[in-house]
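Residue numbering begins at 1 within each chain, and the chains themselves are lettered A, B, C, D and E in the order written.
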Amino acid sequence: MKLGFYPGCSLEGASREYNESVQAVAEKLGIELVSIPDWNCCGATAAHNLDKELSLSLPARNLALAEEAGLTELVVPCAACYSRFTVTQHELLHDNAMHKKVNEIIGKEYKGTLRILNVIQFIEEYIIDKLEDNMKFEINKKVACYYGCLLVRPNKILNFDRTEDPQTMDVVMKKLGADSIDWAFKTECCGAGFSVSFTEAVGRLSGKIIEDASHRGAEALVVACPMCHSNLDMRRPAMDKYNGKKIDTPVIYITQAIGLALGIDRKKLGLNRHFVPVKLDNFKPYVKKEVVVENTQIMEEI
Amino acid sequence: MEIINKILDKSSLTVLVEKLNASGKEVYAPVNKKGITEFEKVANLQEMDFDCIATKQSAKSLVFPKVEKLMNFEKTFDDVIVKNVDITAFPEVIAFGTRPCDAAGFIPLDAIFTTDNVDEIFKARMDKLTIISISCKKADDFCFCTSVNGGPGNTSGSDILLTEMSPNEYYAEIITEKGKSILDANAALFKDSAVVDKTPLVAKIEQQFTEEVINEKLKTLFESDIWDTQAMRCVGCGACAFVCPACGCFDIQDETKGKDGVRHRCWDSCGFKLFTLHTSGHNPREKQAQRWRQRIYHKFSYQPEQQKQFGCVGCGRCSRACPSDMNIAEHLTQIAKG
Amino acid sequence: MEEIKKIARELLAENKVQVVLGFEKGTANKVRPAFFTKAEDIDKLIYNEACIHNIALYLKKDTCQHAKGVAITATPNVVRSILQLSAENQITEEKIHIIGITHEGKCAGILDFKAAEEFSKTQPKGLKPEDKALIEKIQAMSLEERFDYWVEAFSPCIKCYACRASCPMCYCGKCNVETNNPQWIPVASHKYGNVEWHMMRAMHLAGRCINCGECNRSCPVDIPLNILSYMLSDFVLDEFDSEAGLNSVFTSALSAYTVVDKENFIK
Amino acid sequence: MSEFQPKIVAFVCNWCTYAGADLTGTSRIKYSPNVRIVRFPCTGRIDYMLLTKAFASGADGIIVSGCHPNDCHYTSGNFYARRRWIVFKKLCDFMGIDTRRIVFSWVSAAEGSKWADIVNTTNEEIIKLGPYDSYHKLSTQDILE
Amino acid sequence: MARIGVFICHCGENISATVDCPKVSEVAAKFPGVAYSVDYKYMCSDPGQSLVVNAIKEHKLTGIVVSACSPRMHEPTFRRACAEAGLNPYLCEMANIREHCSWVHEKGDRTDQKAIDVVRMMVEKVKRNNALMSIKVPVTKTALVIGGGVAGIQAALDIANAGHKVVMVEREPSIGGHMSQLSETFPTLDCSQCILTPRMVEVAQNPNITLYTYAEVESVEGFVGNFNVKIRKKAKSIDETLCNGCGMCTTKCPQKKIPNEFELGMGNRPAIYVPFPQAVPNVPVIDRLNCTYYKNGKCKICEKFCQPKAIRFDQEDEIIEVAVGAISICTGFDVKKTDFFPEYGYGKHKDIIDGLQFERMASASGPTLGAIRRPSDGAEPKKIVFVACAGSRDPAKGIEYCSKICCMYTAKHAILYKHKVHDGTAYIFYMDIRAAGKNYDEFTRRAIEEDNAQYIRGRVSSIYERDGKLIVIGTDTLMNHETVEIEADMVVLATAGVANQGAEELAQKLHVSYDQHRFFSEAHPKLKPVETNTAGIYLAGACQSPKDIPESVAAASGVAGKISCLFSSSELTREPLIAFVDRIAAPDYSSCTGCFLCQPVCPYNAIEKEDIKDRAGNLIKSLAYINPGLCQGCGTCVAICKSKSIDIDGYTNQQMYSEVDALLNS
C-alpha cells in the first residue's frame, strides 16, 4: 500500500517525534508513505493573513506536485497543514477564476483530484482495522483526547467530526483499550498563536486545559497536532504558574499511543523527546477478544 | 406557330443573356448557392449552374411567388379603402435554363389560375414571362417525365428550347411568338439549322406507367386501403407541394399594422391538416392518407378530367424533397401495377 | 443487425406487437422509415448509418396509435425522443417495445423505459462539429450581423413546415402558427413571418429538444434550424441542469423554477 | 435625432408593478410620458410573443416588470416568468434581437420612485440607441411597401 | 358591430389640469367602433355614474371604457354602473389616465397623446371582452380543525357556537396541546390548566363538534367549500363507546417505566395510559410499541381488569371520510431539544433542561409536584441559569428568527423559581428583552426588580460539567464584554420554537405553502394573516410562527370569523377572471394535447386531467381541465401552453394582443 505523505516543517523540526511515530506505525503495519518530492511550506499561520493568492498558491503547488507524482491520497499529519490544504482545495474548486490564476502562479495544472487525509482519517481508514491483529498491549490508562482548533474547523469545509465535542480520537483511544474521558476542553484554544509572543496567555489557556484534564484523572493528553503538542508540552512552567500548582500529566501523539499498543520501541516513537516525561507504562498485554454472541432476549416476569 | 430551328453557339448564348438583361428584362436561371441550386436573378451566364438536373424548387415562383400581395387596404373610421396592385408594373421576366419539365409545369398551373375565373395578377405575370429551356442530358432516379406525357427534350411550355449538341453548340427550337420576338430582337446571334433529331442528345428516361392505366385504376381505388399503406410514412409537411411546379393551392391572409393592411396570397398544401379543417372542428380529410389520396387524385384524375392534362410533369422534385422518401413515381407505379 | 431482426420477428410472431417501426431500402441509395406488420416482411428491415430519421415521430401517428403494441428500432436519438414524449404524457410505456441501437449501430436489446433512461445517459450526444462551428461563428458576430444573418438565413423558408412535421416534439394538434384571432405569427413566408415562426419554434423547444437534427435534415431549403433549439437546450442544461430525453417522467425546464435561478439582467 | 421620442411599452403585473406605478402617481413623481402600460394579472401570464409583437408594432423599448422574487401574489408566477426571460433573452441575443431594448425589473407596490427611475433610465437608454429600425423594417416591409 | 362608449373623467382638475380631456374625448370618438364619447368633471360622482348608465341605455353600448383613475380604485364602481344599466359588468374597462398619466407627466402634447393611446388601447381591449358570469360554488358548512391545542380549541368552539359543524382532528390521545403542559401563564401567573381544561371539556360536550383524537389527516382533495378529507383514526385498542375512564387498566399495567411524553421524559407512564389526568377524552390508549402483549404476545392484564370490557387488542386503524367546506390548520409548534446544542453538551448533561421541561417541573401536577429539583440528583438548585435565545436568532443554527415567546416565559420561569426557591439566584443570559405586549414589560421588570433575577446581556458560549456543577461560560456585553463564568446547579435553555414535526407532509397534503423553517405561510403577511394561498384553508396559532397564547387565541377567533363568513351563504361567489382550456368539436375535442406541462406551474393545483371517452368508455384523449373552484387567475399556465389551448378571461390572448397592437399603431 502506497500513500502520499506531506510532513511539513513541524514534523521535520520541533515535532520530529510525531513524524517518527507516524513512520514507525506505518512501517509496522506495512503502509508505505511517499513524501511529495520537492515539497514547500504550506503557508500556515502567516500567509493567509497577508495575501490570499500566496496562501492558496503555496498549498496548491504541493497538491499539484502530489498529483503529478501520481498520488491519489495524501496523509497530512500536521493539523495546520491539513487545514491549509483542505481549505485551498475547497476554495480553488469553487472559484474558477482563482483556480486559473493559481495555476498560472504555480506554473502547474492543479486538478483537485487528491483526497487529503488528516492523521485521524488516516488511522480510521488504514490502521484501525489492523489493530486487533497487531496489538501487543492495551493502553489501560485514563486519557483525555484534545483536538484543538484546526482539526475540526471550519466544519463546512473539512466536513470532519463534529465541531463541538468531537469523538473520532476518543473512538481510536477506546479501541486501544484506553478510558477516554468526557471533558469540556477538547476544542478550547491552546494559545498556539501566542506560543512565542505572549507566553502568559498560553499559560492561562493551556493551563486551563491541562488542569481540567488532570482534575478529571487523565493520566495523559492525546493530541494530533504539533502546535498543540509543543504548547501543552513545552509551556508547562507558564501553565504551572497560572494554575499555582505543578501538573505533570504528559502529552502524547495519538500515533505514539498506537505505537505503544503495537509494542514499538519507545525511542523509535520519539517518546524520549518530550519535555514532560512520559512515564506511562505497565500496559496490560492485549488478548484478542472472542466474539460473543449475546442472547439479549429477556422475558419480563409478570 | 411552326417551330423555327436555329443553332446558337455558346458565346452567342452568353451574349444573348447579357442583351436580355440590357433590354430591361429580368433573367432568372439556376444558380448554385451553398450547394443548393435555385432560380435566381442573373446578370450573365457565368453565374448559371448548367449541371443541375433539377433545381430544388420549381420555377413557379416567377409567376406564383410564395407570398403574393393581392392588394393594400386602409381602414378609416367607417370605411375601408382598397388599393389594388399595379399589375402593369410587373417586370418582363425570362426564365432561362429551365428544364422541359419546368416549362411544362406552367401549363397545369396556368390552367388552375385561368380556368373559369381568370386571376389577373397571375395572368399578368404569366404574360410577361418568356421561358427559354434547355433539354436534359442527365436524369436521376426520381425523374419520370416520360410517364406523364413529357420528355427530356419536350417542347411544351417552353418559348425556346435549347439542346446541347456539343459543348459549344446549342440546337435552338423557337416554339412560340414570345420566343420568336426574342429571336427577332437578336437575330444576329442565331444561325439557321435543319431539324435535328434530339434523341441521341438527351437523357434516356424509362416510362414507368401510362396515363391510360393510371386513369383506369383510379376509377376504382378511392376507397382502397392502398392510401393508408402508402401514406403511412408521410409526415404531413408541405414540402412536396411547395417544390412542385404544378401545385397551385394557396391561402389568403390579411395582415394589418394599425389602420394599414395588406392581403397576401401564400402557398398552401393539401398535405396539411389545416387545409380542409372546418370551423366546426370537422375535417373531411382527417387522416393523412386521405390527404395523400387527394394529392394523387387531384393531379391524376381531377385535373385530367377538367383541364385535360396531368397536374404532374414528372420532375421528381417532391420525391427528392420528401423527408421520408415518399416517391410519387414508385407509388404511381404501384397503383398502375396493382 | 440479425439480432434486431430476430427480436422484431419474435415480437410480431408472438403478437406482442402489431407493428414494427424501422427502416427499409428507399429510392436509389436512400433509406426510409417503414412499418412492418408481418414477421415474414422483417427480411426487408434494415439498419445502417444512413438510418438517421427520428422515427419516434411515428409513435404519435395513427398507425402506431391504433396498434396495441409497437416495436421501434431506436437509435439513441429515437430513445431520447421516446423518453421525452413519455415525460410529456404523449405515449405510455406499456405498448412500446424499444429495440435499442447504440451509436455504434449495435443492438442493445429490448429496453424498458428504465433501461432506456440508462441507455440514454450513456450514449454520446452533441452537435456535429460544423454546427458547433456555426454557433460559435454566430456568437462572434455583432448584434446587427447576427440579426442580418438570421433574417437572411430564414428568407428561403417556404413554410412547408417540414421541420415541424418531422420533429417528434412538435406533436401539437394545432400549432401556434395555426392559431388565429389573434394571429400570433404571420402565415406568409415573408421575412418577418419566417423570423417569428422560427423564433417561436425555438422557444417552444427550449429544454425539450433532444437535438436529433431532424428539422435541419428535412428542411428542403437547408436552414440550420437545429442550432437554434440546440443552443437553447444546451443553455438550459447549463443554467437549470435540465436535459430533455433522459427521463420518462415529467421534466421540462420551463415548467419549473428554483428560487435561486441565476440571472444578471433583472433590475 | 434629438427630437426622437421613443415608444416604450411596459408589461406589468397587476399586484406589484401596476400598483407601484399607481403609487408613483399618488406620490406625484414625474417621469417620461413615452411609456404605455399594459396590465397583466401576473408576470407569469406575459407571453414572450407579445414582446416581439410589441417591437413589430413599433415599440423601441420594452419594460417587463412584476413582483420581486418571493413576493408574487400567486406565489410563483414571477419565478416561472424569470426562467422564461432567462431563456428568451438568450435566444434573442443569439438571433440578434436587441435585448438592450428589453428591460426586466422587479418593482413592488411600494417602489413608486423605482418605477419612475426604471421608466426614465429606459427612456434615456432607448433615446441613445435610437429607433429600433431594423425590427420595424422587418415587420412592415411586406405590409406597407 | 361593437358600440363602445368612452367616458373621460376630469377628476376635478386632477386629470384635466394636465390632460386636455375634451380633446381626448374628441379623438376617441373617431376610433373605429366607438359609438359615444364624452368627458365629464367627476365620472365617479352620482351624476357622472348616471351619465354612464344613461349613455349605455341610450346608445345601446356593447362595452365601455372609463378613462379616469386607476382600476384598482374605481373599477368596481363602474362595473356596478354597467350592471345597473343592464350591461354585463365585465364589459367595462378603465383607462388609467390619472395615476399613470396626469399625475406623473407635465402638461403637453405628449401627455395628451399618451392619454389618447391609453384610451385607444382600452377601446380595442374592451371590444374583445366577454360577458362573464360570476362563479358560484356550493359550500359545505362543516369546518375541519386540525390540531387540538388552544388555537384549535378556540377556533372549533367559535365556529361551533356560530352554529356550524366542526370536525376536530388531534394527533395525540388528548386535546390540550402545549398549553396543557404549562404551569402558570404570563403575565398574570394564572394556572394554565385551570383556564384551559374547561375549554377542553366544552369541546367534548359541544354537539356541533365531532372530535377525533389519536387521529391524523390522511389526504385532502377538492377546493374551497368542497373539500373531501380522509382522516386516519389510529387504533387506540380501546372501544371508546364502552370505556368509562375508571383508570383501572392504567394502574394495573405492569409496564410502568415508559418515559412519559407529556412530562417530556421527566416521569414515567404505563403502556396503557391517558397522557394526563385532565385529558379529553378521558379514554386511554395502548402504546403498542411498548405494550408487553404486542411485544411478546402475552399479558392482557388490562383486559382482565377492565370492567366494561372495552379493551380491543385487534382494533385496526380506521379511515374516516368527511366533507368539509373550510379547513383551519392549528397544528402548533415544537421546541428544539437540548441535544440540538453541541456547545451545551449535546443534551448529555441531565441538569440542562429546556423551557418546556421547566414548565412541567414548576407545574403542581408535574413530576416533582411543582418543586424545582435537579433531574440528576433531586437536589434543589441554588444557582440556576436561564439561557434565552437558545438557537433562536442564530443564523449559524439555521434559525434566524426570534421565537418571540422565550423572553416572557424566561422571566416567568425566573419569578416562579424565586417563589419556590427563596434563597436561590436566577441568572438570565439574554440578547434583548423583547417584552412588547400588554403588561409584558411590567412583568419582566417585576422579575428583575421584585424577584431579583440577574439579567446578563450576552450569550453563553459553552456549558460543561465539573464536579457536579455546570460551568456556564458567557459574556457580559454591558460589562466591557467580560467573560462570565457561573457555577450553576441547573441550566434552563429557552430553546427555539420550531415547526411541528410533520408540518411539511401536512402542507403537501393540503397544498399550502410553507417557509424555509417549515412554518406555514400566510397569504399576505399583513392583510391576510390567517389565510393561506389556498382558498378555504386558514391558519391559527403557532403553526405559522411562534406565538403566545393570546395571539394564538386571537388568530383562532379570526379564523372562526373568516370561516363563519364563508359559511354565511350556501353558495360562494367568485370573480370569473380565471383560466380555461379551449374546447372544440370532435374528433379533437380541444387543441390541448395533454402534455400537462402546465400542471406543475399552477400554484393552486387547479389543473386536472380530464379524460375524454367514447360511449364504450374507451379513452380517446386526456385533456387539461382547470378547476374553476381552485383557479385564482394568475395566467401562468396561459403563457406556458404551447398550443395556446389555455386562455384566461379578463386577459385573453385576443385582448392582450389587441392592446399591444392598438397601443403602438396610432
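As a convention for this text, a residue touches a chain if its C-beta (ideal position, glycine included) is under 8 Å from a C-beta of that chain, and two chains touch if they have at least 3 such contacts.
Remember, it's a predicted structure, so these values are computed and weren't measured experimentally.
Asks: Just to be sure I understand: going only through chains that touch, what's the smallest number of steps from chain A to chain D?
Replies: Shortest path length, in steps: 2.
Asks: Mind listing the chains that sit against chain A and also against chain E?
Replies: Common neighbours, chain A/chain E: none found.
Asks: Starting from the Cα centroid of chain A, hunt down the chain whose centroid lies farthest away.
Replies: In terms of C-alpha centroids, the chain at the greatest distance from chain A is B.
Asks: Consider the two chain pairs C-E and C-D; indicate the one with the greater count of contacting C-beta pairs.
Replies: The comparison resolves to C-D.
Asks: At what distance in angstrom does the C-alpha mean of chain C lie from that of chain B?
Replies: Computed from C-alpha means, the inter-chain centre distance equals 32 Å.
Asks: Nearest whole angstrom, what separates the Cα centre of chain A from the Cα centre of chain C?
Replies: Inter-chain centre distance comes to 57 Å.
Asks: Please tell me the distance, in whole Å, between the geometric centres of chain A and chain B computed from their C-alpha atoms.
Replies: The mean C-alpha positions of chain A and chain B differ by 87 Å.
Asks: Between chain B and chain E, tell me the centre distance in angstrom, where each centre is the average of that chain's C-alpha atoms.
Replies: Whole-Å distance between the two chain centres: 71.
Asks: What are the residue numbers in chain B that touch two or more other chains?
Replies: Those would be 67, 255, 257, 264.
Asks: Can you pull out the residues of chain E that are in contact with at least two other chains?
Replies: Within chain E, residues 588, 601, 640, 653, 657, 661, 664-665 contact more than one other chain.
Asks: What's the complete list of touching chain pairs for this entry?
Replies: Result for touching pairs of chains: A-E, B-C, B-D, B-E, C-D, C-E, D-E.
Asks: Touching chain E in the complex: which residues of chain C?
Replies: 88-90, 171-176, 179, 181-182, 184, 204, 250, 252, 254-256
Asks: Hey, which residues of chain B end up touching chain D in the complex?
Replies: Residues of chain B touching chain D: 67, 69, 255-257, 260-262, 264.
Asks: Provide the residue numbers of chain D that touch chain B in the complex, in ascending order.
Replies: 57, 139-140, 142-144
Asks: In the complex formed with chain E, which residues of chain A make contact?
Replies: Residue positions touching the partner: 162-165, 182-185, 212, 215, 299-300, 302.
Asks: Of all residues in chain E, which touch chain D in the complex?
Replies: 70-72, 96, 98-101, 103-106, 108, 110-111, 113-114, 117-118, 121, 513, 533, 577, 601, 603-604, 632-636, 638-640, 648, 650-651, 653, 656-657, 659-661, 663-665
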